[in-house]
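Think of it as A, B, C and D in the order they're written, each chain with its own count starting at 1.
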Amino acid sequence: MKKLINAPDRVVTEALEGMAAAHPDLLTVHLDPAYIMRADAPVKGKAALVSGGGSGHEPMHGGYVGRGMLDAACPGAVFTSPTPDQILAATRAVTGEQGALHIVKNYTGDVMNFDMAADLAREEGLRLEAVIIDDDVAVKDSLYTAGRRGVGGTILAEKICGGAAEAGADLGSLARLCRDVNASVRSMGVALTSCTVPHVGKPSFELGEDEMEFGIGIHGEPGRKRVGMESADRIADMLMQPILEDLPFRRGDPVLLFVNGLGGTPLIELYIVYRAAHRIAQAHGLTVARSLVGSYITSLEMAGTSITLLRLTDEMTRYWDAPCVTPALRWGA
Amino acid sequence: MKKLINAPDRVVTEALEGMAAAHPDLLTVHLDPAYIMRADAPVKGKAALVSGGGSGHEPMHGGYVGRGMLDAACPGAVFTSPTPDQILAATRAVTGEQGALHIVKNYTGDVMNFDMAADLAREEGLRLEAVIIDDDVAVKDSLYTAGRRGVGGTILAEKICGGAAEAGADLGSLARLCRDVNASVRSMGVALTSCTVPHVGKPSFELGEDEMEFGIGIHGEPGRKRVGMESADRIADMLMQPILEDLPFRRGDPVLLFVNGLGGTPLIELYIVYRAAHRIAQAHGLTVARSLVGSYITSLEMAGTSITLLRLTDEMTRYWDAPCVTPALRWGA
Amino acid sequence: MLCVWLRRAAQVIDDRQDSLSVLDAVIGDGDHGANMARGFRAVAGKLDEPPPDVAALLKLVGMTLISTVGGASGPLYGTFFLDMGKAARDVSALDVPAWRTLLAAGVAGVAARGKAVAGDKTMLDALIPAVAALSGTQSGPDTPQALARAAEAARQGAEATIPMIARKGRASYLGERSAGHEDPGAASSALLLTALADTAG
Amino acid sequence: MLCVWLRRAAQVIDDRQDSLSVLDAVIGDGDHGANMARGFRAVAGKLDEPPPDVAALLKLVGMTLISTVGGASGPLYGTFFLDMGKAARDVSALDVPAWRTLLAAGVAGVAARGKAVAGDKTMLDALIPAVAALSGTQSGPDTPQALARAAEAARQGAEATIPMIARKGRASYLGERSAGHEDPGAASSALLLTALADTAG
């Protein structure tokens, strides 16, 4: 394991200290329990957005804290859901009279920990809603699984709801909008290499030189199947087809196309994937109205990509375009 | 070699097509000869900024084209300087009466190709200045080398000069400011893994599990020495000491601290390095006034980091803070 | 005795941290060992001045696990101890019926929180057989013997998860690929019960 | 004859592309083979309807290399052919003195553009001995023989770069670590001259 770290059990804390030092204008970082909040939180008269999850997916979620996006984020240990006391402390710190929305990715651990935190927060008299994001079409949603995972769609939900919250949307509307986004977004990913969890010290799985793990999650969990290596165009097609069929996306739909890097894949390759995905979307009759290309939800140093497609409403487009000022996503201000 | 590509000789063109599709609002992409320019170029009454270099360093330089930064960028083949006709065509496309500044990284190939292009452009009657960036302290600057390489400082020069050009600075002042930035900036990098040039198909060098390549460039050129693997804190120190001594940076200097990822290193590790570098800067008596953390000048999928330190003047800080709207760097607008 | 058990559990979990994480890497995300070790280290740190009664101690353990483990196992093991703590208000001596009451309450809490049932390839597949082994005990044998039988049932239950297809938690994403591997949570549950039996024995 | 040479050069460069890139990977950035192959492929593509005279053809080759090779070798080899083309205005038949004039002009152009001298571990270390070999030719031997001698001098010159410490180009960043490896540009220069000799022979 070759990593720019000091010790596996100091990774999260030291990265948080680094974020605090790098973005004093944007963020306030609390270490025990660990959470990151807007430097100007709580923002009077605004409903708060709180998210969180395991670390190792940077810039998600801490990099999305700031004006026009999240009010607070709770980082767990690497690939481990945060604990209820963390989530409670973060929620308490940023929530005013307008209440708070928890945006939770659909993993058993995340759901249970956010649930427990929400119960505690409500006992303290805070108004709270929670929305679960489950956009990963690689996982069969059935009675026999924990349901679909939350992946790339999470960031789109956070940005769009963040724009709405900044514009004064009340808690009920925010929860409704967040559910709308979740209902309209689909994702799928592929890994070319594994990642190594610092305290494990060896790769989570081994992939041959000619193999890729298809339908991968963001925790180094194995995907649904291992297949032979393919060209970028073919990979884009293998990711796009299940996404297109699932919603389904239809001719004429305006969409946001998001090509994401999993951490170890360079930007030049993401643009090659974007090119292919954009052509497939156009051939399907979609109007690609907005795009995002980069490593925004990662799995440590894993090489690979995921594609996320969101069917936009005018409301979503408006809040996507709204200003945001966070370490990782910033425009309009 | 596992890459998200279709064929080695289509990498650059297809990535450019991807950029064109992803950023139609910001960029116009020309394919033969290849260059990327601001969608609104030429901008009347403004001196133009043109840069370029080999591909494989994304988002540099194409990702920095846009309002408040570059007017055009010329991407060569992977790790190969662009050709004079490319540079000439790009310069011609964006240059008006205020002339243009070529920002050139100090590599024999870049310097010669930009030189030839500048000669041709001047023959066509264009006003042209060129500034060479050579901030890499890993290379001894002596009669016996091609001189120091241009690395991370390039991006700071492009942002700061871009801000000044947008504010109406004339060509002479821009060239002077660019030289000032270059005179005040120092960088150094380390690689934990090699990268693989697509048409070569195997890693540029081999590194053992316990080794790192110290003083690495951004083309997979070997560094000055191979040393044992170290902790993030120690690596930050090994990079910072030569940087601090070289300028030298002095107690009380206000600085911009830029921790860069080389392509395969995840953001969480960069923040750990940033934390260490920030502490070292503070211990040295510097005031870290501005920061940048992320993968902004890369070497394909190479794992590793580089640190760049710039001693700020008020003028530089003002133009660093000025709005910019590019695919990779965006704020204030 | 509770403190001795918890210290021994912390020790065993720490020793077996890597093998638990390896189990989790195969069908999950490779953090179960680290999660449990972090949690039980925190628990051990609270045992120097333990609360006076069993109920309070179990509650403290539950709260500590909840606020340090994270992931799926944090709330589940946390609930396990919290609910044992609630049930402990009704027991006096830690004899076989008392352990049956406590563990049954803990297991019911886990099942309620995780909405899993036997056969879903989770920690419940080790915990349920353990409680059953205690319940099956006819005339009061001595406590060490009964707990040893419970631990053995837990170990067998954990082993029996190998062929199962996961229907809950992260392993369920794998579908049929989850078969052929022991569930890490079942493995850690077996370790906890073995530590308990060793403490009593 | 020029066209035959250039086609053969394109073929040889293409065949040896990988080994040139490997040389460059060790002390440079691994692209020299691809750069040269791209350039000479473009040159070959221009030979179906070549310009009528030697000077114009050499100029076209130079311009083509400049606009397709990139890197350090693009302007250098481009200048090499451009300056040969300028000198070609003064020669009529392609005999030994003519080749001496052309190659000397090309080499002078490379030296001027790259500001390198013999011993800097560059393509000049193959080119300069080749020109010297032609100049050393006393009474006019036949052209094939003389060009063969020049090619042999270039090959030896390339080999002689192995122990050198680079003082120009990318390899100079390595300092003493650049010793022990052949310079890729010297190797490609030797290939070009060998192709020329083979064409004449």
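Basically, contacts are C-beta pairs under 8 Å (C-beta built on N, C-alpha and C of every residue); 3 or more make two chains touch, one makes a residue touch a chain.
Predicted, not measured: the structure shown is a model, and the values here were computed from it.
With steps allowed only between chains in touch, the distance from chain A over to chain D comes to 2.
Among the remaining chains, those touching chain B as well as chain C are A. If you average the Cα atoms of chain A and of chain C, the two centres end up 32 Å apart. We define each chain's centre as the mean of its Cα atoms; on that basis chain A and chain B are separated by 29 Å.
With centres set at the average Cα position, the gap from chain C to chain D is 75 Å. Across the assembly, chain C contributes no residue in contact with two or more other chains. Shown here, the protein chains touch in a chain-like sequence that does not close on itself. Chain pairs that touch one another: A-B, A-C, B-D.
By the touch criterion stated above, chain B contacts chain A in their complex at residues 2-7, 11, 14-19, 21-23, 55-56, 58-59, 63, 192-193, 209, 212, 229, 231-233, 235, 263-275, 278-279, 288, 291, 293, 295, 298, 300-301, 303, 305, 325, 327, 330-333.
Residues 33, 54, 76-86, 107-109, 112-113, 115-116, 138-140, 143-146, 149, 197, 199-200, 204-205, 217, 219-222, 224-225 of chain A touch chain C in their complex.
Chain D makes touch with chain B in their complex at residues 18, 21-22, 25-31, 34-35, 38, 66-76, 113-114, 165, 167-170, 172-175, 177.
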